[in-house]
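When the chains are written out, they are named A, B and C in that same order, and each has its own residue count from 1.
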Amino acid sequence: MSFLNNVITGVSLGSIYAIIALGYTMVYGIAKMLNFAHGDVIMVGAYVCFFAMGSFNLPPVAGVLLAVAVCTVLGITIERLAYKPLRSAPSLAVLITAIGVSYLLQNSAQLLWGADTKTFRPLVEGSLVLVPGQLSISYVAVLSIVCCVVVMIALTLFTGQTKMGKAMRACSEDKAAAQLMGIDVNATISMTFAIGSALAAVAGALMCSAYPVLSPTTGSMPGIRAFTAAVFGGIGSIPGALLGGILLGVIETFAKAYISTDLSDAVVFAVLIIVLLVRPAGLMGKYVPEKV
Amino acid sequence: MKKINKNSLNGFINYGIVIAAFAVIQALLGMGRLSNSLQSLLVPACCYIVMAVSLNLTVGILGELSLGHGGFMSLGAFSGIAASILLQNAIPLAPARLAVSMAVGALAGALGGVIVGVPVLRLQGDYLAIVTLAFGQIIKNIIMVLYVGVDERGIHIAASSERFDLAPGGTAIIKGPMGAVGVTKLATFTAGFILILITLAVVQNLVNSRAGRAIMALRDNRIAAESVGINTTKYKLMAFVTSAALAGAAGALFGLNYSSTGASKFDFNTSILVLVFVVLGGLGSIRGSIIAAALLYVLPEMLRGLGLNDFRMLIYAIVLILVMLATNNDQLKALLGRVIPKRKGAVTSG
Amino acid sequence: MAEKKQFQKGKMVPVPSVSIIPERDLDKSPILECSHLGIDFGGLTAVNEFNVTVGRTEIAGLIGPNGAGKTTVFNLLTKVYQPTRGTILLDGLDTHGKTPSQVNRMGIARTFQNIRLFNNLTVEDNVKIGLHNQEKYSMFSGILRLPKYWRQEKAAHERALELLSIFDMQDLANHQAGSLPYGAQRRLEIVRALATNPSLLLLDEPAAGMNPSETAELMENIVKIRDTFQIAIMLIEHDMSLVMGICEGICVLNFGQIIAKGTAEEIQSNPTVIEAYLGKQQ
């Protein structure tokens, strides 16, 4: 039974990682940049949701929607101000800028909302009891898994079927060629950031519901883990992000349960290294050798 | 020699800058003009300069992004501390013990570099970056749960406090999450200065040698480098391990500068901080790394002194973003170019 | 023994007055023997049954329409790709399982169709990187600057300038390679390849982007290189005046298959070749 419990915990945690990883993967796929500030957008989303529900007594749904709206705007703003001017700059310059944005968000949050940790009230409370006293699923876990599935289906349809989605795929293949075909590359990239940041807000609310502590650095560690998940699954690949996220969640939970709570990070990252050594482009990524 | 070539000249200028800075600081110290808080920054600043120069070897000269340089520093710090405690009686002379501990730290860093480098250097670009990041996390995580001590029965190593059976009277060297405690502070500013000079000599002489050219050839065009008979793995590993060894030495010095050191001092943020020094100083520019590390390490502390404590990291972040935008955006560069005369890009020099 | 030849002091052999095909006995004992060489990418056979022998001081041409697999042959010879079938013997030694850098050390050097220089380094450093395996001091001699370092660096410097003088490029030694004009970059690639002391030099479209007078000069220089260094040269080229002018043996490739082999006259009158280039006559 404890095994099943661990599976459930792992999958629900993994669902949250997957939602965050999607943000990384989509941005990487299209802008070829590691957006290190993504984790901090999660934190901002969680704070907005926290204050909406706590100070303004909004219902959870309204709180999450507000967080989504704020993060979407935040994501587009960051992209426009910090990343867009660096479109033709070397990738390291963009990476450092993203780190700068990450510091900026963390320290702004600290000034605005204080450095103390806040206790986040879960979006939904209680749990679904399957076998009394032995097996139960918290509603937060159910909600996380449902959200992840919905987001996955929606994104797959979006990138596969809609005009904007096709434009995104075109941009990630070849920006110059896409531009020549009449695609507005800048608008497409903004859209990608908007979607990624909106998902980050959802993930922030879910994550803080499952692990109810909130501080200005809340986003950084899950950010790094989700980024790992994206690489794990093959960065740039949407199904890869799902697979990577879920696997990472399960591995982390199992490592905590059966190896050592303290060493869970080491186990997760060791698995990542092994996967990359066997499959240099991640589980679902495509390895493209350089043409001579 | 008929003519001193440009690269050697740049190298000499770097030695000159470091020696002059050391002389000025020593003079200020002698006159008592340096505040205590600034004095306490001297050794760590030296460590970070070494970190930045050595990371530049990996990122700027080899051209591979590493996000785990702090991991090597950590290895060096804890092995250096362990060496200094174990050799307490064998080498009573403090500077000698410090030197040996730093050498042990360098060895530990190099060993870590080999362990990570051998399997990992065949990955490229962002994947290499993520694996170095993962490695840094693993090192931190393992040291967090590690208990190491020494008593009359020998050295004890355990993975949890329960299994750590140190005889009474034994000395604990690393105590899990608390890290190393009760360390005798051996580090001195002079030692830091000497370490910087050694680092400069190693990196600059390496760059201007056969091996250094091979490393830069790999950076510029791997396929062409292979086509002229350069062994990719060997030279990538050489750069990576040298860089890790120097980081290990810097870590040992850093660890021996405090009475207690936890593994969290060398986390992802440390690696990132050093990377920021390297990028802001200019990829491949040794002088840039030195200056950027010195300024950017001291700058936040200066802001603290100006009563801007709450805002100092915010200011740091904004400065960082603005500098990156100003130096990498073509329009902004053109705008600045009209005000400031254009500086020549330095990729291999200085 | 190879190094000794490379580090011999003294003047280059003077340029012979070039009568495009020099009237002398060519050493036809093979330096390169390919038999049944082939490679598949997925289901696609890119090169098949490539059987070619190149003499020790021969200039051989590899021609064919776009996409015929010419560069793939070079990539097979230099082990950028591992062949699916067949063997490559260099001076009688099998190159099976070797890496690109090992093959270079065995004696094959090449240039690239899309120029691959070390753009951020100087011209001289590019050539010195070619000399990498002729310098023999260790990393520690380099860091500690032992006498060995100074001696060999001085020798490498002189040798680099000497090699650059083939194309009169010694004055460009301190320029950044990436900033050179196109033609100079192509020439520098050849110098860099020569610096590795090859017994077989592969040139991938050396005349691409050159005007007729530059091409004529290049032709003279290719022959000069062969005569000076006594090496075999195999080149891919679309400029037929160059190929027909200096190649002693020509091999025509189409859809990965050899469709003709022979001298310039034989190739020019071969109906299969004409068909491959111009299509079937109605």
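In the analysis below, a contact is a pair of C-beta atoms (placed from the backbone, for glycine too) under 8 Å apart; a residue touches a chain by one contact, two chains touch by 3 or more.
This is a predicted model, so every value here is computed, not measured.
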May I ask you to sort the chain touch graph into line, ring, star, complete or other?
complete
Quick check: more C-beta contact pairs at A-C or at B-C?
B-C
Any idea how many Å lie between the Cα centroids of subunit A and subunit B?
31
Averaged-CA centre spacing for the pair subunit C and subunit A, given as whole angstrom
50
If you average the Cα atoms of subunit B and of subunit C to get two centres, how far apart are those centres in Å?
43
Which residues of subunit C are in contact with two or more other chains?
80, 112
On subunit A, where are the residues touching two or more other chains?
292
Identify all positions of subunit B at which a residue touches two or more other chains, and write them in rising order.
223
Subunit A - residues contacting subunit C, complex:
292
Give the list of subunit B residues in touch with subunit A in this complex.
59, 65, 119-120, 122-124, 126-127, 129-131, 133-135, 137-138, 140-142, 144-145, 159, 222-223, 268, 272, 275-276, 279-280, 283, 310-311, 313-314, 316-318, 320-321, 324-325, 327-332
Residue numbers of subunit B touching subunit C in their complex, please.
6, 201-202, 205-206, 208-214, 216-217, 219-221, 223-232, 238, 284, 347-348
Per the touch rule above, subunit C residues touching subunit B in the complex are 78, 80, 99-102, 104-105, 109-110, 112, 116-121, 125, 128-130, 132-133, 135, 137, 139, 141-145, 149, 152-153, 156, 174, 192-193, 195-196
Under the definition above, what is the set of subunit C residues touching subunit A in their complex?
71, 75, 80, 112
